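There are two complexes below, and they share chain A, which is joined by chain B in the first and by chain C in the second.
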Partner chain A sequence: MFSFTKEQKTLEISGVKIGGQPGMYPTVLFGGLFFKGEPDFENAKKHIQNMLSLSKKTGNPGIPDFFIRREEHLESIIDFIEENLPTGYPFSIDIIEPSLKIIALETLHKRKLLHRTIYNSIHIGVTDEEREALQKHTPEMAILVAFNPKDKSSDGKIEVLSNGANLLDKGLIDISKEVGVKKTLVDTAALAPGENSGASIAAIPVVKEEYGLPTGCAIHNVVEKSTWLNEFKTARKTVDVSSNINIPLYGGDFAIYGPIENTDLVFPVIAWQDILVSEYTENYFGVSPVDYHPRRKFF
Partner chain B sequence: MDIMNDNNVEYYPWGGEFTVCSPTSCVAVVLLNIDYTPSCDKVAIYGHLKTENIGVEKIVANVISNPYIRFLIICGDEIRGHKSGGSLVALNKNGIDKNNRIRDAPGAIPYIENLNREAIERFRSQIETIDLIGIKNVDKINKTIDECIEKKPSSFGKPYIAVRITPEAVASFKDKRALHSKIIIDYMGKVKKRKG
Partner chain C sequence: MKKVKTTVIGSYPVQINNMELMKKYFNQTEISWEKYIKKAVEDMVNAGIDLISDGQTRDPFVNIFFRKLKGCRIRDRAEVIDKIEHVEPITVEDQKYVKTLLPPGKELIGLLTGPYTLTKTCVDLFYNDEKQLAFDFADALRKEAKILQKHVHMIGIDEPFFSISIPEYARELIVKIIKGLSCPTRLHVCGDVSNIVPKLLEIPVDVLSHEFKASPHLFNVFKDYSFKQHICLGSVRSDDTRVETAEEIKTHIEKGIETFNGRISQISPDCGLRLLPRNVAFQKLKNLVKAKEAITIW
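== the complex of A and B ==
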């Protein structure tokens, strides 16, 4: 439970605030819609409604993270976003393939949705074409993934953000500025067990003190990649969900918590952790939680 | 998983999600998006590949530890976005550039950062990749395995145990930093940037 000397930026997208000193804003929770095969929009709708309902109850903002694998699904997913998310509500798009990222940016521009878009993500694989597309069709917010294949420690993550670690001509922070993204979040790149997975948590306060940017990670990825946990089938879900408490505990601002199906468990667990953090940070550092913080809801 | 060879060297030292079969077989099979189990009597090792960087590194390090392996069959639908299968083929064909990027790799982040160049050259010399990316027909894959075995290639010689390149650890119990050298955290939890 920390307080930072560096001024902490608070960013806003469509009314959702993220960042600041620990204990001020509730942890923002990104739930993934992975759509394996043909998208099941009925199911997605049900899960998003549930996320919004739990968000209202706990105070933790919930952002649906749309994982888009195929170009042929792009339009229908965007239709779904327009028709089913509350008016003006933010969402993130998570696409691996650089060429599909470019098409998605063009489509979101045409559909006038870029002001609600969190672009997930800019990383060392960013291509020149992707940079041009980002400059032309700039999303409101982007996540910078501090993955450094050479050095998975906090230092390696800082290196990628600050100078590109010899893998890029400049750091991810400068690239995001160059293309015109004004609001950036830092994802500390949680890797598989055995790949310095703990560094994604330890790097949170380091990144926040270095840049003052909202920081978090997808610690769920570590659990997902564990084969060791196969021996503890009943505990797997508990481990997955509870891993996320490390993020607010280390001063982080957001958790990308994996499948949206985990919403029922993740929201109360993180809300509870936010309460613990807030009780300490208000008492010792004088950081008052905002009026919709979980601590205001429960006490 | 610990398979020792004649020289008492442990094969497949980098670990991962794979199944170890016949240690003297000349074939290893990389599974992309495919539900298929190769015959353990015929292949040395098989397993799934997910990522175009760390995943590829593990495969390279593991297959070169067993000199009997001379063919690497890559089958199943390509991993979307990552294009890990194509990146593995490109590594074998083209090697890496000065920034450690696999030359002409189709993947999003195809960087080899934990293996030295000698290990990569060993991989390129020892192993012939058989590109069955996009193929899920089991008969076709089995036939390809048989064709490789029929070639009866000789062992490549001694096992090559790749050393994982890791940044030098700088931890010391003599200093009083908490968590990381860039920051100081006092007993209350106040974080400050460390000067100097």
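== the complex of A and C ==
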């Protein structure tokens, strides 16, 4: 447990604060919806309510991450967001295809939702058209995925953020500034087991010390790809959920923890870890937790 | 007469599909660069080039080495933060792959970025001693060359910074890499080398390679010296999108034959082609081959 010498930025979206020195703010938790098949809105509604309730209990902000795979799902998912999230509550949209990302930005602009939107994500696959669309319809916050196919180490992640690793004309940080995104989070790009998967955790303090930006990752993806765990079926979920504690332990600010169905387990586990970190960082570094931090809630 | 070979200096322009790489990340599937190497090699083969490179598609020619040498890290520029050491093969696996793509009769050149160029392009945060840093790079490159020689027909060392400021230990530096190698070697120094020719001629490589197309006055400079090395004659520009005709290249080669008599062993572009559009680079190589074939005395 540590504190950074570099000044740490705290960013805010619709009242949710993210970043700062370890132990100051509770870890922000992104739970994913609609990964497969047709969106199941009834189920989603139930899980979001549960996420909001647990968030209130532990103090860890929960952000629904809407995976949008097809254009025909876009309007209905946005309708769902408007109707089911508390007024002004932030959410993230998680889209792979650049053309669909552009349509989503236009739609979010028309629906006046960009100020609540976390754009997941800007990465080496960003196209010129996507950059234009981001400039025209700028989301409040964006996640930069520091995936560098040339170098999976922490250095490679810094390289893609700072200069684009010769795959882009500039680094992801400069691209986000150029398109006008003022608030950026860094996802350290968790890779499959055997592909230097630990670097996504090791890179968290490196990125925070280099840029002072809120940083985290989807370490859950590594567990999902750990096929050897199939031999330990009853342990899989425990491993999946507990993998997320690495993020606050290494000074990270947010965890993209996979399916929102894991909320019941992830929130208390992360709250426990946040308390552990906060106890030390307050005693040793004098970093006081905010009043809604799990340590304030439970002690 | 020994066959004069058409060849390349190193890099070849291949567009990397970032979104495709990103999708592999999202699906957590293995990332391979072979597709890009294959495109570069196929273009060289289809253009009729004899001595082929891997195209250096992974990175700019300095970063290929900075990325894998211990003691370096890449930030805005490459930085040296610890003692330079060769801890793993850097280019060898790609050469093995290229060999599987080569039709019979085609040969492969393995490429090293020279120690002086590596020294001059990095930010030294550890040595504070340029010469020591250069020699540690040379030592690391010697280890790479020793492995590489088993897989290629020739090793090329690319030292563009010699044309800007050649150090008094240039010969020693290159000898450190090539001493005891079993395959022939080539030293490529682009830019205007007219003031350093005597120093270059001291370096005991098999082939010296220069930009004779962009700097045609080099013909007159070299005329004043006798030397043992063979010449790789830069014959098309690598910094100009205009495609030279085969006839124009042939005239240039004839000028080279007149200057160097039988010492030309390779004809090539002036430098790496990385910054040209792919179709332009391909056409330049095609015309280079066509021009060489039109030289009746070869």
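Quick notes
The definition used in the following text is that the second predicted complex is superposed on the first by the 298 of 299 C-alpha atoms of A that agree within 3 Å, B and C clash if a C-alpha of one lies under 4 Å from a C-alpha of the other, contacts with A are read in each partner's own complex, and residues count from 1 in each chain.
Following the convention adopted for this analysis, contacts are C-beta pairs under 8 Å (C-beta built on N, C-alpha and C of every residue); 3 or more make two chains touch, one makes a residue touch a chain.
Everything quoted here is computed from the prediction, not taken from an experiment.
The superposition on chain A brings chain B into a clash with chain C.
Legend: residue contacts after superposition of the two complexes on their common chain; A:E209 is shown touching chain B, with no touch to chain C. Within the superposed three-chain model, A:N166 lies in touch with chain B and with chain C [touch as defined at top]. Of the two partner chains placed by the overlay, only chain C lies in contact with A:A189; chain B stays clear of it.
Between chain B and chain C, B contacts the larger number of chain A residues. Contacts of A:N50 after superposition on the shared chain: neither chain B nor chain C is touched. Contact with chain C, but none with chain B, is seen for A:N221 once the two complexes are overlaid on the shared chain.
In the superposition on chain A, A:S242 makes contact with neither chain B nor chain C. Once the two complexes are overlaid on the shared chain, A:R70 sits against chain B while remaining clear of chain C. When the two complexes are overlaid on their common chain A, residue A:P149 makes contact with chain B and with chain C alike.
Superposing the two complexes on chain A places one of the chain C stretches 93-101, 147-155 or 165-173 into chain B: stretch 93-101.
When the two complexes are superposed on chain A, the residues of chain A that touch both chain B and chain C are 96, 98, 123-125, 147, 149-151, 155-156, 158, 166-167, 191-192, 195.
Within the complex, the chain C residues that touch chain A are 16, 18-19, 21-26, 28-31, 58-60, 63, 67, 73-76. By the touch rule above, chain B contacts chain A in their complex via residues 15, 17, 53-54, 80-82, 99-101, 107-114, 165, 167, 179-180, 182-183, 185, 188-193. Within the complex formed with chain B, the residues of chain A that make contact are 1-6, 69-70, 95-98, 100, 123-125, 147-151, 153-156, 158, 166-167, 191-192, 194-195, 202-203, 205-206, 208-210, 227, 251, 280, 284-285. Taken in their complex, chain A has these residues touching chain C: 96, 98, 123-127, 145, 147, 149-151, 155-156, 158-159, 162-163, 165-168, 189, 191-192, 195, 221, 224-225.
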